[in-house]
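As written, the chains take the letters A, B, C, D, E, F, G and H, and residue 1 is the first residue of each chain.
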Amino acid sequence: MEKNIDIEYANIDLDRTERTGMQEVIYCAGKTAEQIAGIVGAMVERGLYNILLTRISEEKVDFLKKSIGGHDVFYDADGKIGVVDRKLSDAPIGNITIVSAGTSDLGVVREAAVTAEVLGNRVNVINDVGVAGIHRLLAKEDMLKEARVLIVVAGMEGALASVVGGLVGCPVIAVPTSVGYGASFGGISALLSMLNSCAAGVSVVNIDNGFGAAVSASRINQMETAQD
Amino acid sequence: MEKNIDIEYANIDLDRTERTGMQEVIYCAGKTAEQIAGIVGAMVERGLYNILLTRISEEKVDFLKKSIGGHDVFYDADGKIGVVDRKLSDAPIGNITIVSAGTSDLGVVREAAVTAEVLGNRVNVINDVGVAGIHRLLAKEDMLKEARVLIVVAGMEGALASVVGGLVGCPVIAVPTSVGYGASFGGISALLSMLNSCAAGVSVVNIDNGFGAAVSASRINQMETAQD
Amino acid sequence: MEKNIDIEYANIDLDRTERTGMQEVIYCAGKTAEQIAGIVGAMVERGLYNILLTRISEEKVDFLKKSIGGHDVFYDADGKIGVVDRKLSDAPIGNITIVSAGTSDLGVVREAAVTAEVLGNRVNVINDVGVAGIHRLLAKEDMLKEARVLIVVAGMEGALASVVGGLVGCPVIAVPTSVGYGASFGGISALLSMLNSCAAGVSVVNIDNGFGAAVSASRINQMETAQD
Amino acid sequence: MEKNIDIEYANIDLDRTERTGMQEVIYCAGKTAEQIAGIVGAMVERGLYNILLTRISEEKVDFLKKSIGGHDVFYDADGKIGVVDRKLSDAPIGNITIVSAGTSDLGVVREAAVTAEVLGNRVNVINDVGVAGIHRLLAKEDMLKEARVLIVVAGMEGALASVVGGLVGCPVIAVPTSVGYGASFGGISALLSMLNSCAAGVSVVNIDNGFGAAVSASRINQMETAQD
Amino acid sequence: MEKNIDIEYANIDLDRTERTGMQEVIYCAGKTAEQIAGIVGAMVERGLYNILLTRISEEKVDFLKKSIGGHDVFYDADGKIGVVDRKLSDAPIGNITIVSAGTSDLGVVREAAVTAEVLGNRVNVINDVGVAGIHRLLAKEDMLKEARVLIVVAGMEGALASVVGGLVGCPVIAVPTSVGYGASFGGISALLSMLNSCAAGVSVVNIDNGFGAAVSASRINQMETAQD
Amino acid sequence: MEKNIDIEYANIDLDRTERTGMQEVIYCAGKTAEQIAGIVGAMVERGLYNILLTRISEEKVDFLKKSIGGHDVFYDADGKIGVVDRKLSDAPIGNITIVSAGTSDLGVVREAAVTAEVLGNRVNVINDVGVAGIHRLLAKEDMLKEARVLIVVAGMEGALASVVGGLVGCPVIAVPTSVGYGASFGGISALLSMLNSCAAGVSVVNIDNGFGAAVSASRINQMETAQD
Amino acid sequence: MEKNIDIEYANIDLDRTERTGMQEVIYCAGKTAEQIAGIVGAMVERGLYNILLTRISEEKVDFLKKSIGGHDVFYDADGKIGVVDRKLSDAPIGNITIVSAGTSDLGVVREAAVTAEVLGNRVNVINDVGVAGIHRLLAKEDMLKEARVLIVVAGMEGALASVVGGLVGCPVIAVPTSVGYGASFGGISALLSMLNSCAAGVSVVNIDNGFGAAVSASRINQMETAQD
Amino acid sequence: MEKNIDIEYANIDLDRTERTGMQEVIYCAGKTAEQIAGIVGAMVERGLYNILLTRISEEKVDFLKKSIGGHDVFYDADGKIGVVDRKLSDAPIGNITIVSAGTSDLGVVREAAVTAEVLGNRVNVINDVGVAGIHRLLAKEDMLKEARVLIVVAGMEGALASVVGGLVGCPVIAVPTSVGYGASFGGISALLSMLNSCAAGVSVVNIDNGFGAAVSASRINQMETAQD
């Protein structure tokens, strides 16, 4: 059984599903449209689907569609994320709830949501409940308590992660965003906040990395009861 | 009228009270015990009292006491702050409330409290209400609402400033502290959080600068109604 | 009574006026013109006015005007700030004086001035009195002394905040700006200067945050005499 | 039912177990021995046990033992972590496996292990399998595959997290450590590596934060199968 | 014999070949097309060839071609590198193997390969064998072992350098790339990883500096056996 | 006698010549063409000339020319520096020698040269003598020795300042430039090098600040012999 | 004539006086007492005197005195600077004036003063005239105007350099100090301020580098009138 | 054949010699004396010798000697490096020349020299030839030309690496050191200089990493002529 596809500029890891339960995802920043099309082409040829394309522009998606005609490419412009031959599960599992601090964080929320859905999870979203109006968050306490995993998306000072972390007992994945200006330093402020959270049970991914948060959350959401 | 005292290693600004309503304060880090004693000596000689000594060690206070015998030196070891010939007002003004995130922030709270009291303000303190247990803070909402100015003291992710800022309409002075480890970077994490607060009405002072926060708060607390 | 408006991508905090004395402001960076129009639409529908729009481009303002026809949108291009249905007070309160170091700081000055005026304050401005020609500042000493609160706006080395801070007894809010090049690092130099000011009574907001400075200043300017 | 204990310098969150499934933990850095003893005293008085004390020195533990005589204090000197009245479960749950890059990371490994055990988890440890000798890691592949959650502890360049992340399908919590010198900058190098991991499914906690990693891992390890 | 060409805006080091075995290379960023053409013109006039042009855009190459008509300019658009009058050796020496972590690193790989070939080396390339799928790398172990020098090119967390460094006994030159986003900080993350590599025998060049890596590798590859 | 011109957006310091021997210079970044024209207009109206305009684009110069028709505006496109009604001295003073490391530093060299000439100094330039070919520099040792002040302009690692500093006894002003990529961090690398120079007698100005270096050099060059 | 002394661990540059007008100075941090004594011994043996020892502890001076018995070692404990066989000029030249912001900057002032005196300059000192009380500085305006060169020493926000720079026409050398705490970051705040000074004619040396400032100032102070 | 020794706290890589030509080295910072003794004990038991111990204090060496009595431990106090059962080659290979900028860099020089000698190389050292007195370096040009590999050790501004790099054609390994103060930031200044060297053929290791430089240099020095 083929473990990888070795083409000139890429070496596609077919064994990844076997090892990690999830096939290789294509990070499209820094790749040309031709390279992306080449990689996707080799994958669809082998019958693969639900191929995730992160950080991809609309132009590259258009090129890809022409290049691999006959295959569908779902695209979410806010999240700059695509999915080739997307097939969502009819019975998504559990409950991943994504909570965002503000409307400007929407792109990261979308990247996380599209990823988590493709991975077979049931996804809920609570937008714009930043801590400057804490009652908005507290009003959603029931939804928070029902989640199996929480993804908290926030820029600026990123305080939402700590507040949410103090309210729940489930695992929390925090995603700092580059929303803000001046001393937010492109997301460093939120990143440091989340790493220093006074609430335990919060772990953190890279700035604007909705995709990575969704993968971690999916693995957690799909856990089964431990056996003796 | 003498505007300053020019001694070899120091130039004491006697005019500062006239200009700013507050006499010169002695920052003791990097000064020898002899220099501090020399400066204080020149000031008490002119009948000055309530002389603040910030960032002073117990050893230097002991040296000072001997050097200016006959004058009292109040000392708070947590806040590393001293006051020569402290005379507190019988009728302190208004209400400055200091809110801290954790017990480890106590030194900064004390520096702020001692300063604010010497400046004639009524001071209240609410300790250890960090956002990991938000109900502790919400339980104090009445006290927060009664304050004329709030000083919020927090290390680690400094989220408390944003949450408090979203609950009140009075001015909020945030003090980041160096409490934490690793990526708290000696208070940078809390500092950036507070500068990027999503709640408006929050301004910030230097890391661990309880003294500066108290001076700002005192000026605000002692404001009078605007005249037409 | 409705406490918030929960639309798909936003959760507008109507209760904010009750809690903090000031209604929610729309931070427009990172929001699409459609989202801004949706939020403003929901607010004007409920009779709200003086709606502040910070960090908004002229294009988004034009879209908004068309979208909510029948409502006026004031726009200041220097400060990139808009106000929907602006109604200024006939009897503005007190005296907020904004002092800037140079002509290049004008955008931040405007953001602060527009905000402070909408909040009902009387606003004065002193431009281009940076410390390289200190006599220009000293010539304005009377205006400085008449202020109830000062907002000091400066880029490059940000020294103006310390010099002003040493001249007055009122609260000073310092705003570092991103004016400069090389080792000004987008405003970090001025930010650090202001945080380390040797003058007490100075507190600081985020780089280029004229809006935040104005909110803090407004709360201070509108203080009333403390009651026993 | 009492939700918190409000003593002068601390406000102990008794409700935390209800909200998050885990009682308050005492971060001992920056607290005096007297304060720690006061907090612990109030907790044992209410019958609480398995009280975690992080970042505590042997001296403070000795003081505590005298102060609360009659209660046992377990202490791990490598991990600088204590537990008052430790009672470990007879039937620990699942499998948290801690993997470290080098012997110098042992303190962080211990902090994580002690925490995870107190929280009721079965814990395995694989030490000193840094990537410079990848065969040592590959030789443990079975143990890695059996884990329900992995905690990867590494300093210097922190590459171990990415390599492990590429081998498994379970959630991975990465802990950067301050092991190294020069351009490791006290753990920044490992922290950045882990945040930028090319392997998905890795989330990160603060530098040297074995405690936080264990709490996240425990929540994950104790997940049950999702219900429809 | 002429040691340098001193024209108004440049001082071309003709002696460099004598001293270092390699003629001067033109760093084209920050130079105008006219300046580049002037420098190249002076060099070809003296019969020089294999003139390397780093960081050069296609537009500047076009201008150059017109300006020095009669000379060939080889251009690699991925690597943004040009060579005037390229003459490759018929018998390239030894074996420099370039290993990259991902397809997005291709530009840096190309800059290194073009440089190394012009310098007379035999060059092999192994692309896209990042550590998230370690089997892809291990499958190439023979090729790694055959190399006389390895150039490892990686962005994001740069872990590939350490893993490769642990597998081989030949010198390894690591090139961090600016591939990544958020906390990769334009290549700082990979740079720090490589500097802190737990594998000995790895040295590092500047971020995205494929050229510099190739020069170091070429000098090493062309070493001869030490004489007594 | 008028000490300053106070127009709405600017406060021109006419007294500066009296105090510092040099009239106010207009920093044009962040100013609109209209503002620049307004300031220059007020100055030429008062008979001022040799008005320096730093960091000005060609477009703004064109606008200015139209606006103040009848006055000449000299413009150097490399240095992005303009001079209104430039009148150079017939007998320039002394000898300021500007030494640059590479052709890419030319813009900064030009900014310094234009400034120094307007201030009445004789200026020499030695370009492209970076330390990678030290013989080029040593060949100019006579010119270096003849200088009364040296301005050393270098990017990348900025080593030229130290080497020059070790060869001469006159004051050296070092200007780091933003030439370079990757870990040059926009000039930080060269800036730090120059601040840490092992050669004494070197002082440093801001990154790319040819103007400031020229002002310092001019003051030094125009020193007269000390009187008893 | 001997150009250098090559001993095992050091290579003393005897030619430096010829080239730069100033003999080699011994930077003592990181050198053992034995190494220092060895270097000084070789120098006094050749009849050299006025040998400067920077960053030297009292213990090392004591060892040195014993080791080179028969030679005098002057020591200034504040400035941590020593001079072997100090012989000050009877007719010091010109006027270098050192201005400091606060008493805590005294060590750096002393390092500069001792150096400048040894180099044959007349030195004046004005201490503790930080900008928080600007009248103290303005009261010294005459002394400032009489200086041929100014050295401005300041920590915290370092604003003094800009204010002084705007008052005088002579060259200004600014020395940032590590005085301060929190966001002063060991002198970075003052360093950035001084590099970004809005006053022209200010150049900067390393943090706490009183020695380097004095050397630059000495060269300037000893300039003679330019010849045609 | 045993590939590794798995003891509780360590997993010794016996296969490393096979893979990389060099046995595992013990990094002693962060390890207890007991752990070091345990690891060394297991190695000597298997007949291994020339065991390198980096970053080890004299106290730990003393403990080790007692613990493994019967084995010799060579110790260099400057370089804080030890070697168990050191056996140097009678016929060391080739020529590694270590060049340092100043006497304060001696510790790093020693770490490199001890390592390179144990690995079988002939080692030469040129100390204290920093660029402030370039003639000292040029006087050694013959020694530089004779080297097969150069290790350049420098702190402060690290310019020596670029100057040396421009003089020779052999590979250069640069080691930044933490020598310096203020803006040298513990070696960052030298590190950035070396990474941005304008001379090609220079690669860099971690700050103060004499050991790593020696390993790279040894591999290069022991290269043999390439075969067709």
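Heads up, the rule we're going with is that a contact is a pair of C-beta atoms (placed from the backbone, for glycine too) under 8 Å apart; a residue touches a chain by one contact, two chains touch by 3 or more.
Model, not experiment: these values are computed from the prediction.
Interface repeat of A-B: among F-G, A-E or D-E, the matching pair is D-E, sharing over half of the residue-numbered contact pairs. Although chain A and chain B carry the same sequence, what matters here is overlap: shared residue numbers make up over half of all numbers found at their interface. Per-chain CA centroids place chain B at a distance of 50 Å from chain H. If each chain is reduced to the centroid of its CA atoms, chain A and chain H end up 44 Å from each other. Measuring from the averaged C-alpha position of chain B to that of chain D gives a distance of 36 Å. Centre-to-centre, using mean CA coordinates, chain C is 57 Å away from chain H. For chain H, residues touching at least two other chains, in rising order: 16, 19, 102, 132-133, 166-167, 182-184, 188, 191, 195-196, 199-200, 206-207. Chains touching one another form the pairs A-B, A-C, A-D, A-E, B-C, B-D, B-G, C-F, C-G, D-E, D-H, E-F, E-H, F-G, F-H, G-H. Those residues of chain D whose C-beta lies close enough to touch chain A in the complex are 16, 19-22, 25, 91, 93-95, 148, 166-171, 173, 191, 195-196, 200-207, 211-213, 215-216, 219-226, 228.
Interface residues of chain C facing chain A in the complex, by the touch rule stated above, are 3-4, 8-11, 13, 15-16, 19, 24, 27, 29-31, 35, 39, 55, 176, 178, 186-188, 191, 206-209.
Residues of chain G that touch chain C in their complex: 101-102, 130-134, 156-159, 161-163, 165-167, 180, 182-185, 188-190, 192-200.
Touching chain G in their complex are the following residues of chain H: 102-106, 127-129, 132-133, 135-136, 139, 179, 181-184.
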